[in-house]
């Protein structure tokens, strides 16, 4: 077998606060997910905090997306999916019967692999969330929410003159930023991103990565990625999944330079996947 | 906020309820239709018979037992005046009104009895014969008051019996509702369907193969494509006009024949088969074609060894659905004369024939009220066939849906 | 030899061609140094094709023309001189003679037929031999030609496959031919109609009353506007008012809400609604629904309520169309990418919000196209209106009044009257043409929309 | 290509005669099992005439059922198409019956009432009557709603000739003059039926009319007497000019709507199509006053008429254009 | 950007014959492929020999598959594809009108990215090719062909007791080996493989790689891969494609350790793709 050297990771950290005790936002304890008989997630426990961007990596089919979707109960939409274990958001059990899933999803936003703007105007795309949640009673408030979300998503300058164009008419990278703006608009606490760049070209990817940097600290961010360089670039914490197990979870710099588990090492050095 | 959530959930429940209501009402309508037909029609499968005592030796029928076993038995009995004998027997048994009690064709029932048991000729016998429509009406609580009185008297004596009417399944149209059967129409339907299937299936499948596997993308194939899609939605009555203008007026094919009906319906359902077959062929994964081409199979081999066998369930589903549609079709057949009184089941494709749905249409138009039950009974028979075909199609579709 | 025997003979010869072709090809190929182009089986198919196809073609043509030849031959014999000169009577005797020639046992209705039968039989036999000989000869010629071409380098496969493709092409042309012949036959008859009745009178006239057609101004009573209105009112308004909400909502319920098990059962059950023959709906509409609606209307105070109300026909038609609408809606909603749905859920939208604000707007073109197809289906529907709607051509907005449709008028005008040149009969074709054009346009538009919209997501 | 001969009879025409012809056909096959049952299409008298007169030969019908006489125009068309020998056989009688539901207002009408209520232009003025009381104050104040046969049917022709035309002449002095001078104008004025919805054309399906009457208590239906007879338990006949539609009244022709029923036979086909002679004989055996056809709702023709019909069958007497002009009812 | 060091390539050569002049099996000269207006392959010339496994690498969409499919005219099945230039097999022009494409494909077999067994029995999967080419007149010969093909594909031991089971019931890796057996069964001269392992797990991948090793020398083998480690492991020659151009072609060890072109180097070091 080829001995490929593990890539030297540049963690790209501008602030040195990583070591400080981070504020825990979400916790998962002994989470299992089943698709019918298929045991897709096995006993995963993990904490997500506000300070760091958390990356999920692992070979295809290992359950990254599945686990991510348990965090805002998007798995509810798949009838055969069954989740056990505890997941909390600010200490509240999100799978308790008290928890209103509609509100939960407003608090835990999500961005998908393929940009999926609604076939409506750019404005309406962003306004959709605030509108259904009744966040902006007046038209003026809504304008403001839309503008600020687009600004934070770094899209405002590019679209401010054509807010009434269809969201699907934007380029792929713009669409993805629009989706991020849409998620931000309802003022969530956590943002989940499932391979947000895999459908984008390198330049658009760089823009999204920059955006993630800018958003860090304001929201707890979890990102799934296939691209290890990307994980290294954008995250401070990395979780490595394999066949439904959480194999290793820790500081990104640690995982990439000095993985504790053999399987992590093999994956990072390209022995499989 | 909480209030808003509650309102949103209320809207959610309302919306869901509307959906449920739509489904339930639609299904309810179907159930209502089926129950109505069943409750009207079940009586149509049975008939009331009356035991008619006949003294054959006294009647002195001019036939021998041997004659009864020959082929000319019908002729011999008709010549010997069996009908009069039966009428006399009825008068003797039930009084002056006797002839009105039994069905006009009761004597044919006696004829069949004699043919199956020639020894009857030499003794007295009680033979169950169908009652007339008047009696039937009276038994159902309607009809003429005079008849009702007679009937209730006979009923008290237990002369009537209700039997499953095999004749309904074995005979053809008749003027007398107690004697009608659906076999003639059913046979016409079978002949018509046979022609339809033989024409539409091969042509439909072959053209689907051409369009999916061979046709270049150009204006001509677009034209074919558009034609087919549109033909699938052309009102069926237009096909009747086509049949009238082309098959009857231009090609001079015989009017009322199942051949013409079959051709007309074949043109009608061909696009259905083409479209279903194309979808089935399209659903065969390209990787299978690649695989076969990759080991050096020619195009025809790829199609006949791999694509068609894999597409077959889909093709069959489409064909069955198309055939079911043809089987239930009425309007185009009215245009080509398949709406006559045809009391003999057709013997061949060019004989005058009618089909089940048209028979239903004709019976719905009959004077005699006995036809109401018969019409519903015929509807039940037709629905049984159609539901079976639909169920088969649905089964095929579900069974082979998730192959890859 | 009768044509069935001949058919089997030719097929048998084809089989022999196949076997010998295969044997020869196998022998030659085994002897050949390098891989041959075609397999023995393909050579065999080539030989069989040449043996059977031309012969079968000839046989088809021959069996179409030979009865006429036989008949002419019989008429030329002296025995035929005594036949009546009246064509029909003579033909019926000849017909019986043919039957007797085939089966001397059969009873005859015309006694002359017995005399002619032997002559007829002889002529039949003669022509039958000619036909058989020619067929067999052709089969052998084809066989010899193909057999001689079997060599290891001969590309039999290519030839066979080209023939197969030709057959496929011809099959696919039939669809065009049908469309064309519908159009042409309707056009020819309509042209004859419009030669008598001005097209403007027909299309814009508001008085339809074919009971009496004036010979001086036939257009006066053949104005089709009331029919168009009735068709539109029953098929596109009343039926759709029933079918669209029910179809759409049940599609939504079944795809978005129902448990898979419910969906698996309910969907086929609803589809049965589309499988019930229209004549049954018609019967049901006329006998059960129409009287009920009339009673209802009278209860509401409509003295004039017709028992053939537009509502009765439209209602039942709408029910019939429900599964059609719901499956179109189902398809369009399913075609909306799940990403769209997920996107909305992830924003914290409830199911109904997602459906109403995202799924339906996104699938709207498809849904609308589906409605157009449903409308075209409804306005072409015949039996329900034949049995449940009236023939009175009135223009009304009151659903409790009677209205008639194009299809009903076609049936009324044509059943029983096959005379082809009265304006009354021809009017049916003009109506048919109008209906054809309208549904054709509706379909083209709908299919375009569907296609465009599918592409948008692919 | 079509066979050039046929071994079964083809019969077309009146829906009124249809049940009788089918019954005869059935009986004929029962007594002659070697024969094939005739194929009988109910097309309405007018529709059938067109087919019948289309020509001679295998694709043309052999017999026409008619609930009225052949018109001279139809006869001319026949002649023109080579149909040269036509036998006209009166098989019985029928009445144009008006009926209402048992729950109805028990109408009693005169020919004039009916004319005024149903004509398109009563007395040359546009039709305005909406209620029966509009045409005759002594009639109840119920809406005029009449279910009747379509224009191809002989019943409709009989209605126009026997009731409307006569009613018209009774109330409209100009009508009689018009009949002499301008036949078309007379028809327009006296026989054309209103089309504003009060008269509902119900197609050839008389049974649907019966069905509808039972649920529309105020409506009046028009159809052949046999339908009324069959549904006596549900329907009441509407007397015309005080005469009820009963067997006796129609048979003695005191009922205004009484009319003859015919079959027309192509003599040229008599020897070409098996069974035609047997069919005619069967008819003559069944049409007597105690014959089976009466049980089916037909009214037997008077004895002299029957004798005449038998003679026509026996001798193969055909009609000429003049025969048809002879307007007298048999 | 991360500096990932080029992997050290182990060429895994058991025989040292690489340097010897190899026997040329197929040649391509100035091949261009157009999909309608899209110029997918630009002036590619390349020789494929019997001794070496040739790997095609390059970023997604660069034309690897397209070029591979020109080699057995599988592009004929795409109506808009147009090929110019010369491609020969044993000196014969495969695009000449004399060349029968059916026979060509029997000589140049192909294995696809996604395992695509026919939905028939394992036996029938393998026997299909020999049957249509008439390679086995008797049932016994066929049995032998099937067995030997399955043996050479390293599948015999696993399936010999269930030859009549459906080919689709096998695991992914087994299916892919079945497809290789199917290709081998018609006794081809060249085998083309288009990302044969991309749908497989690491263990199945290792098996296929072993198999390629075993087959080397008996057939000329061309393999397309996305995975550079795999290219390094299985091939002796590597062609690097980029935007339709053949950028570099040479010894695998050369390409991976010492690429002559800047673009090749950027790709290999993970700068893009």
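Quick notes on this one:
Chains here go by letter, A, B, C, D and E, matching the order in which they are written, and residues are numbered from 1 within each.
In this section, contacts are C-beta pairs under 8 Å (C-beta built on N, C-alpha and C of every residue); 3 or more make two chains touch, one makes a residue touch a chain.
These numbers come from a predicted model, not from an experiment.
Where touching is counted per the definition, the chains common to chain C and chain D are B. Chain pair with the most C-beta contact pairs: B-C.
Chain-level centrality, scored on Cα centres against the all-protein Cα centre, points to C. Chain B and chain E have CA centres that are 59 Å apart.
Each chain gets a centre from the mean of its Cα atoms; for chain B and chain C, those two points are 19 Å apart. Here the spacing of chain B and chain D, counted between their Cα centres, is 32 Å. Multi-chain contact residues of chain C (touching two or more other chains): 157, 286-287, 350, 353, 386-387, 415, 418. In chain D, 1, 3, 34, 41-42, 204-205, 208 are the positions where the chain touches two or more neighbouring chains simultaneously.
Among all residues of chain E, those that touch two or more other chains are 102-103, 132-133.
Across the complex, chain E is touched by residues 29, 35, 37, 39-41, 155, 157 of chain C.
Interface residues of chain E facing chain C in the complex, by the touch rule stated above, are 100, 102-103, 132-134. For chain B in complex with chain E, the touching residues are 216-217, 285, 287-298, 301, 305-306, 310, 403-404.
Every residue of chain B that touches chain C in the complex is listed here, in rising order: 8-9, 11-12, 14-16, 18-23, 25-27, 29-30, 33, 36-37, 202-204, 206-207, 209-211, 214-215, 223-224, 226-231, 233-239, 241-242, 244-246, 248-250, 255, 267, 270-271, 274, 298-300, 324-325, 327-331, 334-335, 337, 339, 357-358, 360-361, 364, 375, 379, 382-383, 386-387, 389-391, 394, 398.
Within the complex formed with chain B, the chain D residues making contact are 1-3, 8, 18-19, 22-23, 25-26, 29-34, 36-37, 39-42, 59, 204-208, 226-227, 230-234, 292, 295-297.
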